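Consider the two complexes below, in which subunit A is the common component and subunit B and subunit C are the respective partners.
Coming up: the complex of A and B.
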């Protein structure tokens, strides 16, 4: 680009215009992006400021710094006369729910994805089609049936029961995504491993799985996030206080529109957000990184 | 290790046989090339020997032992894949050391041997790269090093030099040949390049549509092709082929008759035949017994000599001339060939009419007729 700039030094009057013209597309696109993301950024800013302010004038202008809203971290909140469970119980439950969901989903998804990608067995095509249809059911349509099943299995009001339900709902999509990653691993690679002295299982662990790492990473991230933000199923099937998760915790705080303390609500929302941010910072690298090459397409 | 294929049949779709009743015996320490056009089943054959594909019928023996159900990992083979199939997540060094790791060779020895193998293919300076950071030729050499590092009993090479430049290819060829002789590894090489097959292999199996057409030494394949297909495939430029008819011990082409050697060929009056002459066997001028008069259609210079494309009987024949040969396009040219240097094939079956030629099935009927 610099050489392009140097190649027209004879018309100095033009250089500014030239630079502008060159940068114009960037200026325009960044401008549009900035304007459209502004409301989102503003919302987050408002959330942060509000949680640390002792009062908000007209709901917009912060007045005074206070940690009052963050007291929920060390004391249990009393809301409408009743004491809510500790935030740490809810956090732990959310972590357990999201983590368990991730582990189950990835485990099942990876194995099923490999089977659907590589093995020929009767009914393979049908399974592929049916799983897609299964995914089309919104979980809300299945609530009643799910309730009966959970109740029957004595898993009502159990986090693990809801994990199972959520996993079942998510598995089709996960499997499809991972199958796609396995499809891209060439057979030759697997065969080379077999010839170099591995058993089929060893080839799978040592050679095939490393190739689908980005797939596993992205599926883990998405399932963790969807577990972390799950609300409907947990709200419906979890009743007891010790099993409450963060999303339901927030819901309880807002159950009566007249008594909502927006300061506390913002603080808890932020608290709810932090693990997601941390998780994303640590995992986004593996999302981007993929090992390619070494196999010629023939 | 001696490798035997007995009546091997492989079908992918249950309708057509990709490999059709193949028989092949490779002696211990022998270097065999599988040569044939694209899609004729070379890779499939190799993968069956490697144990990746199971044959639908027939048996494979290693040193007299049936190995149909032996796992690939237990076959003690090394293979270079057509696609290289390097492990993308490992460095060059780890790629090469991988087979040794599976054999539980101690780490120090493993890395030493891997480095040694890398040096052999001139990759010593790239040990810490990932495969994606290598050129095609370099990747191919990594694959070669990985295949030989564990000193397998059987080396399978699926076009191991297709991506190398000419000089590197000749070097690698010499290296493979040296290694193979030194370690006495039974080796099967797949190639499209007949020169490569001719120079490296003890014997060449020429394949077509899932069958072996002729399995013989390079010289025999060249000098005594069993049928038209082999004659056309082996040798560059390819053998000149002209259709004719046997008339009482003589060959008639377009009203011209030529004397034929009855002691060499089965001559049957009235039989339609194909006359084959290698371009190198044709002499300029009427110095030999079988003489032709043609018109020059094209004169190609290939450096050390020239190729004359001459039109005789409406067919274009190729022959060599000295580097300084000069002629007008359209000029007449006289050339001739010794009776001992010609080949005769049955036009209907494509089989050689040579007396010593093996008589057998008529599997090439449909290909026998020229184009």
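Coming up: the complex of A and C.
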């Protein structure tokens, strides 16, 4: 970029082309991110717009505001000539399922995590190895045998039965994460408690457990969300109408290609998504951490 | 004798529920799948052994070549998206983006699909590619006067690969991001002062640092992709006419749609064996011995 002027030396940093060349990688990278992220943003944007719109143009532009899509909150939806159960039945069942799963998972996970982190007993290493292997094991391939077992225990079509299955599938990972939290607690704390005359259980309950509260909180949130989102197990093992959950409720309406009503579908989806969004916004950082520990979804 | 009991009591109580669950819903199902694979159990739930008949049936199944082809395509291409797009996202958000808020925002958006309940996520894809002009793709096409296309009907594999790829990419993104972040900053400063181009920084500093995470993500995703079918079930349900059916979903359909539990278990068994081999490789490669340190109180 030599200019006509004779005595003015050009510093390469000042020319436009040099600046452009230096910035180009950044411009390209922002560009790639924007282009690939846009469809994802559109999808979620659509969910919100569609649920409040009476009609949509070009897929994403609303024509008129209306609340009729939200009527499912107070009237039951009629589908294939039959009335679907109330959305509130499904909501309560989903809450029950996710809540129960959280309680069981955290309770069992905390006990086992502590034992594996701090106690000495024969077979400890083997159990740890098994836990790690199961962590990666694709449990979904075992659904047929699980069906047989549930049937055998007469827990087929029972929400509690599915809670048990889901707890079992997640417990290796949960225990592994909680064990990690216990590993970080200083041994001195425990020794101090023991010297002061506490029993091992008391030390655990009074001294060690409060130390891992943040960890337990993030595990609880995580298991609640995974219970709330669960679809496949509920779809496979639950048949009766009174045990329907939000996931199956929505799936039943989506799966029929002849009567797709995106207005109602998006409203129900948004309703179903509320707890996820709330948790997501408030706990985003701790969730990211828990995720690094390993999630078995694809 | 009493001291022995006392010593075992605590670990037994703490680990009891954990072990019972794992036994009931991991060990029994694995063994049961192995046995069921050699029976022709149907909805009557009778045990009738038929030796290798199920496997002979599997090899002579007229649909099997299509299903194997689909499985291969699905696993291969989704894995590529997961790993390479995940890596791209991680590089863009951690290395090229200097503003922490921006990269957090993008990573949050990419985490959304993973946190969304599968039923809603599937609905979003179904809407995106809806054959009528209510879908985004056809809405945009109609803006330009193009006729609507039915991609879910003509290219179902493309949709399920994309949908699963987006979910998996966020997994890669998280793991790669934290690996890139753990590289000492000094290395980047030194490279910058020496005037190293971006390409060589990526090739010589970042790539060696994420070699192990890269392998981990690849194997882990391979394992989950082989046996996962939740999103396929929701988006295309294997259709139209088996065109997007994969082996794991085929096993599910055989068991829970045509109630051939024995045959379904035989297909599952094939998957379980492949999965076990993968798990063992994972375990051998990523054995973390020091995580299994002994207890220090006794």
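As a convention for this text, the second predicted complex is superposed on the first by the 233 of 298 C-alpha atoms of A that agree within 3 Å, B and C clash if a C-alpha of one lies under 4 Å from a C-alpha of the other, contacts with A are read in each partner's own complex, and residues count from 1 in each chain.
Definition applied: contacts are C-beta pairs under 8 Å (C-beta built on N, C-alpha and C of every residue); 3 or more make two chains touch, one makes a residue touch a chain.
Being a predicted model, the structure only gives us computed values, none of them experimental.
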Subunit B versus subunit C as contact partner of A:273, first or second or both or neither: second
Contacts of A:191 with subunit B and subunit C, given as first, second, both or neither: both
First, second, both or neither for A:210, with subunit B first and subunit C second: first
First (subunit B), second (subunit C), both or neither touched by A:19: neither
First (subunit B), second (subunit C), both or neither touched by A:75: neither
Comparing the two partners subunit B and subunit C, which touches a greater set of residues in subunit A: C
Residues of subunit A contacting subunit B in one complex and subunit C in the other: 191, 194, 291-292, 295-298
Contact footprint of subunit B on subunit A as seen in their complex: 186, 188-189, 191-199, 202, 207, 210-211, 213, 291-298
Residues of subunit A defined as touching subunit C within the complex: 25-26, 29-30, 32-33, 36-37, 39-44, 46-47, 56-60, 107-109, 111-112, 114-116, 118-121, 124-125, 127-130, 132-134, 136-149, 151, 164-165, 167-169, 171-172, 175, 187, 190-191, 194, 200-201, 225, 228-229, 231-232, 236, 246-247, 250-251, 254-255, 260, 262, 265-266, 269, 272-273, 276, 280, 284, 287-288, 291-292, 295-298
Contact footprint of subunit A on subunit C as seen in their complex: 7-8, 10-11, 13-15, 17-19, 21-22, 24-26, 28-30, 32-33, 36, 45, 78, 82, 85, 88-89, 91-93, 96-97, 106-120, 122-128, 130, 133-140, 142-143, 164, 166-168, 171, 174-175, 178, 198, 220-221, 223-231, 233-234, 237, 248, 251-252, 255-256, 261, 264-265, 268, 271-272, 275-276, 278-280, 282-283, 291-292, 294-298
Residue ranges of subunit B touching subunit A (in the complex, touch as defined): 47, 50-52, 71-73, 75, 77-79, 81-89, 95, 98-99, 102-103, 130-134, 136, 139, 146, 150, 163
